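Input: structures, listed below.
Look at the two complexes coming up: subunit A is in both, with subunit B in one and subunit C in the other.
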Partner chain A sequence: MSKVEFKQLSPADFFYRNRELAGFDSPTKSLYTAFREIIENSFDGAEIGGINPDIFVSIKEKSEDVYTIFISDNGIGIPGSKVPKALAKLLFGGKYVERQSRGHFGLGASMTVLYSQITTNLPTRVLSCTRGSEVIDEYHLMIDIQRNEPIIRYHNQLPNKKKWHGVAVEVNIEGDYGRAHPKILNYIESTAMVAPYANITFIDAYGILYKFNKVVDEVPKLGKAVLPHPRGIDTEKMLRLIRVARQKSMKNFLTSNFQRVGDITAKNFLKYVNINPDKVPSQLDHDEIVRCVQGMNSFEDFLSPETKCLSPIGEAVLEAGIKKELEPKFIASITRKPQAYSGHPFVVEVAMAYGGNKIESSSEPTLFRFANRIPLLYDQYADVAAKVIRSFNWRMYKVPQNGNLAIITHIASTKVPYRTAGKESISDRPELEREMKLAMQVCARKMRVYLSRIEREERSAKRASIFEKYLPYIAQFATKLSGKKQVPPTDFVKSVKKGDD
Partner chain B sequence: MSKVEFKQLSPADFFYRNRELAGFDSPTKSLYTAFREIIENSFDGAEIGGINPDIFVSIKEKSEDVYTIFISDNGIGIPGSKVPKALAKLLFGGKYVERQSRGHFGLGASMTVLYSQITTNLPTRVLSCTRGSEVIDEYHLMIDIQRNEPIIRYHNQLPNKKKWHGVAVEVNIEGDYGRAHPKILNYIESTAMVAPYANITFIDAYGILYKFNKVVDEVPKLGKAVLPHPRGIDTEKMLRLIRVARQKSMKNFLTSNFQRVGDITAKNFLKYVNINPDKVPSQLDHDEIVRCVQGMNSFEDFLSPETKCLSPIGEAVLEAGIKKELEPKFIASITRKPQAYSGHPFVVEVAMAYGGNKIESSSEPTLFRFANRIPLLYDQYADVAAKVIRSFNWRMYKVPQNGNLAIITHIASTKVPYRTAGKESISDRPELEREMKLAMQVCARKMRVYLSRIEREERSAKRASIFEKYLPYIAQFATKLSGKKQVPPTDFVKSVKKGDD
Partner chain C sequence: MSKETREKTHADKVKDKAFKKLVALGKDVYGQLEEGKYPDFEMPLRASSNIFYDLKTRQYSVGKKRVRRSAGNVRHLKPFLQTMFVASFAARDLLQPGRTSTLRDLYYSSESAMAKMFGDQSESDKAITDVEAIIGMAREDFNIFPDARSTIYGDLIVSFLDKKTKQRRELNLAFNPDGQTIGPTLVKSDFVKTGADKVICIESGGMFQRLIEEDADEQFNAILVHLAGQAPRGTRRLIRRMNEELNLPVYVFVDADPWGMHIYNVIASGSASAAHLTGLTTPDAIWMGLTPTDITTYDLPTDNFTKGDLNRTVQLIRDPRYQKPYLQEELKVFMQLKKKAEQQSLTSKSLTFVVDEYLPAKFNEIAKMQRVGKI
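Entry: the complex of A and B
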């Protein structure tokens, strides 16, 4: 029994065998994951072109336990020749740049095609057209899993008479719709909450139509792709940059290949790591490369990472969305300043909403988590936000965690540190945890002020109600004493009771 | 800004960019992950050959923040020609079979080499020798990350004078040893707890020697590789089996390619899915394949999965290990019967230990989690065990969750449903959650009996102490009354007090 057979897996074969790593585990979760992966691609496809997303999506029962998801968007589309690989080859994608987007891993769409194929043995139908193109490309795609290559079952080009651009996908998935339905609905409602600039039409498998119309016109300025920040660079990245560098000196190499490194910073840094500014990059030896990389991670005078690649929601939009969806009595929110972990910039936003009838009253706060505008609905306990809430000093802020309290968190980053490729929870990187905690403190302080005011009002109302109770007697008594007949009016107290104190 | 550049990543490049998915995120966690990945391979290498593992491992500071991990085992070794790919090519491995092992993903060793390279730019040194081989192969390896291919920096063959077999690895990792140290120590102590058949020698970076000597001789019978169970089969797997099948009829195809399917089961199943038993497998059409696969997942008369591929710890060994390490006052344990999820068999084992001085007293039980004998030290809150504990009805079992209570869980499976490739927490598959809950109930019931007995003993001790207090007076009184002079002895009560009731 001690002979071991060695074997090489293609990425497709690896994720086929370990599909739970990409969010495809149970029939419920898989249907949900497929749904969100394709809708997230549609959002990215529109926003990257500065287009107000106009998305139609439907789910229909095809046969027992098999559902057809159809989606169509108005995004920038995928060039015809790239469609097969973009949808039916794993780890092939257009999102491997330092920019904020929903997609991250180059896995979502192709894993959906793969899962469809292994559960239904059917190809996925794709239509795509880029802006200004005369033809629409139609493909029926499957994946050769062992080789990680697309299989094109059908290809045709149709005339683009209506000047459409975007992508449409029709995919069949085996799943448990009954159980996935609440999650899917929750996902689409939460998405609408943070994307008030989008039109979404959704027809669920029961035939019910949901329409979310845009309430603002402005599409969020999408983060721009930027050069890497020196902090977080490793030797691999350094060697790759050096390999293609055309600069003849280390000084120029640094200023041209890294963000926020000017002449002075470059000079100071090279002095710090003891490398000649005129050295030709390709002639660095092993020790110099290691020194340079380690220096980049310890040098303290780099400017903090650029943030034009980030697109937070903003306090106003966040509060508007929450008011609309949760109708709380009080709301506190904060968009923190950008920070960075391992060279990746990020922004934390937190809101706390209190009271009203829509927020559930439970033993702990209701948590709504978002990352790059994606609602995260699974694995809450593994999330950095849940960790911060667990260890938060609620008593100090006099915030009753078991009241009707909702906490909304959003992390925007060029690289959200998800725990899994299924994008369900965010890891507790120290930099992130710290920002999350500070943001919660700001909100909790605002909440404390509000709650103290409420308490004072209640106390003063109570005081007033005692007056109110006895005042008529005092009035009668005083009237008698003074020998008057007309008792003065006492009901003005009611109008005083409500108000300030 | 709407032009998108498409790009294909190799598996190595994917995991280089997303190394946190494989457990390599912070400098602390990465050092810990590297350590455990190579030690787990050593255990697998010995156990697969039925050898008592004899493992030497040391960590030394090489330079500031860079540590050298050296490990040497007495396992079956890797054949010389396979060493470069086994250690320096991702998704290449010998563990892609239906058998219980620590390794799972074909990622651990090569990710360690990759991480070493990107943080220190140094190759990893490997020595390997299979049983009976005359030569030891020595390699210095790096990875061409963009192509996912090994780079051999050095190769030599040495004479195997001492008839050694096994693998030795020397790898340099940048990390934060101070913070990783407690986790590493915890990991190695926990591993020793469930592997009392192994010798482990560990020298930490402070130069302290730890020795764990084996207390039992018997190496656990390693699970055998088995045929797949029909439940959990998908169309991809089915098509692959059909492609290589030499059987001329569906009936023979089923009995030869699946576990626990005999003639009668095969016949009944084929009737159930309405396929002719004499049909040639390669001639199944699309609908028949889909029907066959769906039928496999819904047909109820398959025997449950084979379990000879599993190797649970067993109640006796588990209790022995816990007694040695935690010294509790009471211990209850259960090894549940094998079950299956999606065709993968698994066994759940749970133990509860109560009292003593070594178990911490905190507001919730101290949880020790294991999977295929690997201790899981991170992401506890995301684990199915933590979920079950959270929702467990402790009051019903009169078990004080905030006493000195420790809960130990072990899941043995041919495919542990880890949430991440970093193997830190296990997902809450319904089948698994159910077994975990039932196992905890069994232990909690035993615990309730024990605690009630303690309570009764305490009550009876209290009663006895009242007697003890007054008995001398009664004795004196009775002596006086009867006119005797000698008071009868009353201190026998003390000897009665302890004991039964």
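Entry: the complex of A and C
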């Protein structure tokens, strides 16, 4: 009998073996993913402290197919002692409360450090300094993949003479820059569009500098951390909550572990699932747990989910960013009221920008998609926004055949319903699709008012020019025909009369 | 005797009238412009809703409805301009210096007045028709003609003023054995003398030549007119004048198919596109054949009806211009036979069959029908 050896994989080892799950599959995609992971970290670092992000990022070719990404920010920084774990230990500090966050795969920069190590075998250099600190910590880090522990190759403390705070990272990645370049550029331009409160400087691998300056001062408030809503619970999560629960009764367990559940709701719910309110949570048997979880999904009297955990961009900021990046002639936007699907709150925001030279003129609107402020650049066709756009008859809204219309969609949620593990397109949940459609209708109606006016103005300008062109000829022919000498003036054309069409 | 005091010819009178009417239109528009108004004018509506068959004049006519064309309406603006151009061109560039122009000449002349005034010739032709409707006169009256393609042969002497020599000249239409081209001068010429007692209009050139060669003009004492398909307006006007001024009965000899029949009927009753004009129709013209009955009587070589032929026949049966009993009867024969024959199919008997047998028989037959009032 052969012996099968079961070995537990460390998270680092797991992601080492399944790196495509975290977006590191092809050399092109890997470079792009590394780039966005560290930029998103920098944004989070500044926004948490209410600081207008000021980010510098560059990509340089180090050797053939190896690129050095350097980034520095002005965020709150990571305390020196925590730097190694924050960057060189995967899944460090899990998120057990719910809050809208950028974190694309919940892996942050550590996955980038890991990928750098396995493709180039080089350490990642990190500088970090918290606000008011006298020293800057410098680390050269690698990861012990089997144990998921940081390896510190070098550590030094430098004097913080210029009172800097933030994080700077230099990481080497194997990748295909030529192919990744358009996506990287698209990503950073899109990011700038929804973050008009940030300064971003970017130097690409060809040495070209891109600068995005802030036009608003207000830094978005992060969503508050909240307890989970009962409707989003599954059995596994329930078991975990029960395991750590200190409450002595089911009623108390419900009111202290879930959002917006008070005494009355708890009592009614327990009656609904036929569980004694005074029962000790740890004493629930298997059947009761299953009944409880199923009941949470079907019980109708829970209040709708808490929305203070969400952080929509807001109409003013959204419009400011779009005006800055797309320079449209017209813009309309809406931030819808929060809604929920399966216990997860979400907010849909839509903006429509029309005209100008920067928006491509096309038979279909140009779509910019965002989820929790992150641009989504792949799988556009499958996205709920693209589906809703296809369902619109744009002629009805006076959009010309080859109009230059851009549509910007943002979904903010504690759990964005992605269609696939790749997290690049959002599924068409009915609640979401409905909100998306209503939001687009609101914007499109405003746009129609604008476009109708443009159409009218163009028509009357065209009419005036026709009169100006033809009437002098009529006068000339009438003069010749009547045998008169002087051609009568036709300057009354200026006060254009309305044709009866 | 000076030219001014000499008696005005028929052509001169028509020319003067057209010129006055055109200039009046110009003065009207000029006056409105002087007042700082968007000028407008009225004309008969030429839409099919306002065109009907007038039983009194026995031709297609335009009804009482009129439309106002205003330069203040953006959609009227270009047609207004085109109309004014055609009117000024006709009055000042044609009638006044005594020039003529073809439809195509006018189209090209517009380029020098204003680039791209007309999209294509059909647009300028339409503008000419508008001017006809406004002043109620035909384009020939203001010296615009289609390309001449129709000819005439027979014992008729006409007189006209030769523009080159400024002399009056007389012309015998039997002078040229190929036939005399029916051009603007001939259409407006004065008839001096004729020995003929009828006019035969022939659809195809081949048959026209055959009849000249076989001396049909002498045998039947007829003036022969080659229509060359659907007769040009000048030709129709000349036929009418011969019928009216010389009292000659007109016979129309065409192919045995619905299209041939319609060539006859346009001569007799006019067309919708010229409904706003008078003096083009010869209501008493007689369709002499080929009839579908002739096809069976003479056992002529035929072609089968196409779908288009059949549809056209159905249209004609319903057409108000085809309500005469003998036309209805023959149309029904077409529907049964579903065959057609060309005039020249008569040559299958012999080259002289048409003059020796067919035409004499036909004149007898028509005389008989006229006696019993069938025609």
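We take it that the second predicted complex is superposed on the first by the 359 of 501 C-alpha atoms of A that agree within 3 Å, B and C clash if a C-alpha of one lies under 4 Å from a C-alpha of the other, contacts with A are read in each partner's own complex, and residues count from 1 in each chain.
Operating definition for what follows: contacts are C-beta pairs under 8 Å (C-beta built on N, C-alpha and C of every residue); 3 or more make two chains touch, one makes a residue touch a chain.
On a predicted model such as this, the values are computed, not experimentally measured, just so you know.
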Which superposed partner A:463 touches (first subunit B, second subunit C, both, neither): second
Which of subunit B and subunit C A:400 touches, first, second, both or neither: neither
Subunit B versus subunit C as contact partner of A:17, first or second or both or neither: first
Which of subunit B and subunit C A:145 touches, first, second, both or neither: first
First (subunit B), second (subunit C), both or neither touched by A:286: first
Which of subunit B and subunit C A:475 touches, first, second, both or neither: second
Touching partner for A:25 - first (subunit B), second (subunit C), both, neither: first
Which partner reaches more residues of subunit A (counting touched residues only), subunit B or subunit C: B
Overlapping contact positions on subunit A, where the subunit C interface meets the subunit B interface: none
Footprint of subunit C on subunit A - complex, ascending: 463, 466-467, 470-471, 473-475, 477-484, 488-490, 492, 497, 499-501
Interface residues, subunit C side, partner subunit A - complex: 22-23, 25-27, 29-30, 33-34, 36, 38-39, 71-75, 77-78, 80-81, 84-85, 87-88, 91-92, 113-114
Contact footprint of subunit A on subunit B as seen in their complex: 1-2, 4-11, 13-14, 16-18, 20-21, 25-26, 48-50, 65, 76, 82, 85-86, 89, 91-97, 105-106, 117-121, 131, 145-146, 174, 222, 224, 234-237, 239-240, 286, 289-290, 293-294, 379, 381-382, 386-387, 417-421, 425, 427, 429-430
